[in-house]
Structure formats: structure tokens, C-alpha cells
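Consider the two complexes below, in which chain A is the common component and chain B and chain C are the respective partners.
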Partner chain A sequence: MTWRDWSPPLLTLVAMVVVWELAVALLRVPEYILPAPRGIAAAMVKEWRYLAQHTWITVQEVLLGFAMAVAVGIPIAMAIVYSPLIERAIYPLLVGSQSVPKIAIAPLLIFWAGLGLFPKVLVAFLISFFPIIIDTVVGLRSVEPEMLHLARSMGAGAGRTFVKIRFPTALPNIFAGLKVAVTLSVVGAIVNK
Partner chain B sequence: MDTRLGFAAIIVLSAVGIAMFVAVDLLERRLIPWHASHRSELAAGTL
Partner chain C sequence: MLNGPKFVEVSDLVRVFPTPEGPVRALDGLSFDVRRGEFLSVVGPSGCGKSTLAMLIAGLLRPTSGVIPVDGRAVDRPQTDLGIVFQNAVLLAWRTALDNVLLQLEMRGLDPRSYRDRAWELLRSVGLEGFERRLPHELSGGMRQRVAICRALIHDPPLLLMDEPFGALDALTRDQMTLDIQGICARGGKTVLFITHSITEAVFLSDRVIVMTPRPGRIDSVVEVELPRPRRLAVRELPAFAGYVRGIRDRFMAQGVLRDIEEAPAP
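Coming up: the complex of A and B.
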């Protein structure tokens, strides 16, 4: 990550902030509708202690929810790939469960799990485990059959085949899922606030 | 309601999200440097 990578998005961001500042000033947008970037920066500096404190709590919620999603999602994906019965039993339900608006059940989760850290962790988990499962399933399936045949003819057992061939092949997809999931789990943790 | 503080919180949280994404991306570069998504343009050009 060098200056070459960072400068284009950074300059775009600066340009957008400048346009925002000018637009607010020229159009006389009232503060309670859209505050100017300068005012926001001032509020950030003034309330940094409060912001840092709450951000730290949110970071904990996000990391916990994300870790849970990884710990639950990857084994479920493995079960789906290795067992057609499990696939037929839970894959459709899993896809269906994603059409449930998590934001709508967030208040219910607070009701069930109290006001502490846990309901937020739970929403972060619920939102982020789906992309992890889907991408891991796709990744584990994308092994070339020739590779599996090779492993079998060399006498590798199921466990060895998984560690040496299936899992490494799936890693790029797993990481794609993880990338989608981290950002989603941030959304999830905030939804409950 | 303090919209300025609200926007400040949104900006801080987006920064958190970006930091998390970069963390996973760096981990990915460490673990699977052989994957196509991380080959540099220069290397792809010489292939």
C-alpha cells in the first residue's frame, strides 16, 4: 500500500468534502439538516473522549460477532459440502433466513438478550455469517475433480485431501466472504444502537 | 438532536469498517500471495 494506491481515493474524498462544505455554505443549509464538514470535525475534536469510548465498545461487538460468524459459518459450509442430506436439509432454510430483515428483529433480540453487549454481537453475527457460508461452500466446491482423483490415487484419506487440496483451493473464496462479512458486521453492530 | 455529533460518529464508524476491511485484506495477502487477485499489474504484464 503505497502513496500510489492511496492518493486517488484520498483526493476524491478531499474533493467531495470541499464540495460539501461549499454547498452547505452557498445554499444556506440549516445545521440540523446537514452540518458542514468543518462543524463535524469540530464536534469530533470536542467529543473525542465520548466517541472513542463508544467506538471501542462497537469494535468489541463487531469482532465478537465476526469471530462467531467464522467459527459457526465455516463448519456449516463444510457440512453442506460433505453431506448432500445436510445440504438439502439446511441450505434452503439458510437462504430463506436471509430474507428476514435483521433490523426488524433487532428490538426483539434486545428483549430476549437484554441491553448489554450480547444482542449487538448477535445481530453482527446474524448479518455476517451468511456470506461466509455461501463463499466457503462455493470455494470448497470449486476444486477440480482431477485434483481429487489425484489425491485418491496417491492414497490420501478424506482428512488429508481436505487439508492439502480442498481447503487451500477454497481460501480465496473464503477470504472474499470474510471481506464482505467484516463490513457487514460493522453495520450489524450499529443497527442495534 | 445533535446532528454534528451524529455525523462525527458515522465517520468514526466508517473508519472502523475500513480498518477491519484492510486488516482482512492484509491477512489475505499474507496467507494466499499466490492468488490472482493480488498479483501486481506489473507481474501480470510480463506473463
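Coming up: the complex of A and C.
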């Protein structure tokens, strides 16, 4: 990263903050509608201990939810790819379940799982494991059929074919899914507050 | 080559594919032998079941009926004592040319290190010296196909199945690859089943050419090519060569696969 790379976004950010500050001052926007950046910075300095503590809790919720989504999502994706029966049994339900807004069931989750860390982790997990499954399934399926024929003619079993061919081929898709999932798990953890 | 022992014996082979519109007969009662060390081509129109035939011999598909003993043993599972080359090189994008060749051994659970020298040598023999460490996207289509050929040869299999291996290459590269394949197969004493659309390619490379009918695939005729080896590219201008090509082309005309123009003066 050079100055050429990070100067445009940095300058844009500075300009936005300046415009914000000026707009709040010139238009006399009350603080309870939109505080000026200077006021926010002051509050952040004053309350840093409280903010840091809560940021840490949110980070924990996000990371735990995300880790659960990876740990559950990738094996489910593998099961869907390797077993037509499992695919037919759970894939439609999985896609259908996504039409239920997770935010709407958040109060229920709190009712079931109590207050504290767990329900927030659960929402972060529920909201983020779907893109991981979908992208991993797409990735594992993107291997050319000829490559799988070759693997069999080389005498390789399913395990070795997965490690040497299928999984590495799927990695770009898996990472794309993780990228979407990690942002969603942030949303999930925060909304539940 | 034609009087060597039988290596692949195809007898009364039928393969039917179920489709939503009903069963489709891809191969309908195919019988032929491939002799050890023979170069046998199968030429036919698209959809005549040529690729299905290769898949059946490789044990990657089950026949609906009929048997295929290879080297005396009926094929009932994926065969491993062969090399396969497809129309696409299907290389792994994150592996160098050398490592793509060595994949063959890793997948077999063998130690790729003990095959390194042989892999270098193979790559050099197909003109890829200096490209061993390149990734597939840095290679031309012809180079990638050469890597795929080396991968099919690294374990020194007695049988080579090639399913339209030059189908995606430009005409000049095809000519060079045809010559290279001739050299490789003559040196290694390989038995080769070569599947192609190109009559010229089939005649140039083969000891025998099997002409197929359109779906359902049956054997139309078998042509023995008696041209001395090694064959230079110029052999294609010889009257004898033209005679073989015309003979096969006439079969496709008789089938209606090819239709010549009618109102032109005969040459």
C-alpha cells in the first residue's frame, strides 16, 4: 500500500467529516438528531473504557457466530454435494428458511436462550451460515467432470480427491461466502442488541 | 502391429442412456479388438457415442450389456493402468506444469519426488523446456494440452485413451501435436485408442481406423492404413493417403453425414 493507494479514500473521509461538522454548525441541527463529529470524538475519549468493553463483547459475539457458521456450514455444504438424498432432504428447506427474517425471531431467541452472549451469537450464526453453505456448494460443484474422471482413473478415493482437487478448486467461492458471512454476522450481533 | 496379441476386446457392447424423452441408444452392439501396440482411431460424427466408448473402456461408465476385457480382465471398475487425455487439458490452475504432471502420482499415493526427473524429461520431450514452473494460465492452449499428455504418460501406462485431444487447438498446433504424438507412441510402444472428428488426423496416425455410424453408434467399416512409418506431414499429399481419406469420406456420404454440392463439375 502506497500513498497513491490510501490517499483518495482518506481524503474523501476527511472531506465528509468536514462537511458533516460544517452542516451541523451552519444548519443548527440539535445534538439529539445528529451530533457533530467533534462531539462524538469527545464522547469517545471520555467514555473510552465503557466503549472498549462493549466493543470487545460485540467482537466476541461476531467471531463466535461466524466461527459457528463456518463449522456448521461447510460440513453441511459437503453433505449436500456428496449425497443427493441429503440435498433433496434439506436444500429446499434451507432456501425456504431464508425467507424468514431472522431479525423477527430475535425476541423469541432471547426468550428461549435468555439474555447475555448466547442469543446474539445465535442470531449472528443464523444470519451468516446461509451464504457459507450456498457458496461452498457452488465451489465444490465447480470442478470439471473430466477432472473427476481423471481422479478416478488415477485410482484416488473420495478423500484424496477432496483434499487435492475439490476443496482447493472451491476455495475462491468459499472465501467469497466467508466475506459475505462475516459482514452479516456483524449485522446479526448488533441488531440483537 | 496388427498381428500382436489382443489387448482390448470389445464384444457386443451396448450402452443406453435414460433421458426424460425415453432411453437413448448411444452404442448399439459394438465389437472390435485393439492389438497390443496398435494405434487405433475411432472417427465419426458428433453424438455417435465415440466418447461413451472411451468412458466404457476406462471403466468410468458401465455398459448396458456386453463386456470389455482389457489385457484379459473384464473392466468392471475405473481402470488405473491407463492414461487419459480429454479435449480440454483440465489442469489444476494453482499447480505449475511440473506439479500438474506429478498429480498423477500423488493421486496414486506414490512419492512424486522419485518421478521428478522423468517428469522434467517428458516435458522437455514435448518442447516445454523452460516452462516447467509456469502456471496453466501462462501457457498457450497447445502447451496446456502437452502438459496433459505428459500427465497421462508419467506412470508409463500400456494404454492411452485420447478423446479428441486436439479438438480445441488451431490447425498449425494440431499438425505439430499430431507429429509429436506419433513420436511419443512409437517410442513407448503404447496401445492407443484415439477418438477424433478429423479423417485426416485419423488416417495419419493410425494403424486402423474405425468408422462409426450416427446415433445409435455402430461400426460402419474398419480401414487398415498401410503407410510406412514414421510418417512425415507430406505423406498427406500422397495418392495412397488421399485414397484412404476418400474411402472414409465416401462412407460418411453414404450415411448422409456429409453431402457434397451437386451442380459442380466433377474434378
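Definition applied: the second predicted complex is superposed on the first by the 188 of 193 C-alpha atoms of A that agree within 3 Å, B and C clash if a C-alpha of one lies under 4 Å from a C-alpha of the other, contacts with A are read in each partner's own complex, and residues count from 1 in each chain.
FYI, contacts are C-beta pairs under 8 Å (C-beta built on N, C-alpha and C of every residue); 3 or more make two chains touch, one makes a residue touch a chain.
What you see is a predicted model, and the numbers here were worked out from it, not measured in a lab.
Novice: Answer with first, second, both or neither: which of chain B and chain C does A:138 touch in the superposed model?
Specialist: neither
Novice: Examine A:147 and indicate which partner it touches, taking first as chain B and second as chain C; both and neither are also allowed.
Specialist: The answer is second: A:147 touches chain C but not chain B.
Novice: Between chain B (first) and chain C (second), which does A:175 come into contact with in this model arrangement: first, second, both, or neither?
Specialist: A:175 sits against chain B, while chain C stays out of touch.
Novice: In the overlay, answer first, second, both or neither for which of chain B and chain C A:42 touches.
Specialist: first
Novice: Residues of chain A touched by chain B versus by chain C: which partner has the larger set?
Specialist: Touching more of chain A: B.
Novice: Thinking of the overlay built on chain A, is A:165 touched by chain B (first), by chain C (second), by both, or by neither?
Specialist: Touch partner of A:165: chain C, not chain B.
Novice: Quick one: is A:186 in contact with chain B, with chain C, with both, or with neither? Answer first, second, both or neither.
Specialist: In the superposition, A:186 contacts chain B only.
Novice: Just which bits of chain A does chain B share with chain C as contact spots?
Specialist: In chain A, positions 168 sit in both the chain B and chain C interfaces.
Novice: Which stretch or stretches of chain A touch chain C in the complex?
Specialist: 144, 146-147, 149-156, 160-161, 164-165, 168-169
Novice: Quick check on the complex: what are the chain B residues that touch chain A?
Specialist: 1-5, 7-9, 11-13, 16-17, 20-25, 27-28, 31-32, 35-37
Novice: So in the complex, the part of chain C that touches chain A is made up of which residues?
Specialist: Touching chain A from chain C are residues 55, 58-60, 78-80, 82, 84, 86, 88, 90, 92, 94, 103-104, 106-109.
Novice: Residues of chain A touching chain B in their complex?
Specialist: The contact residues of chain A facing chain B are 1, 31-35, 39-44, 47, 51, 54-55, 58-59, 62, 66, 168, 171-172, 175, 178-179, 182-183, 185-187, 190.
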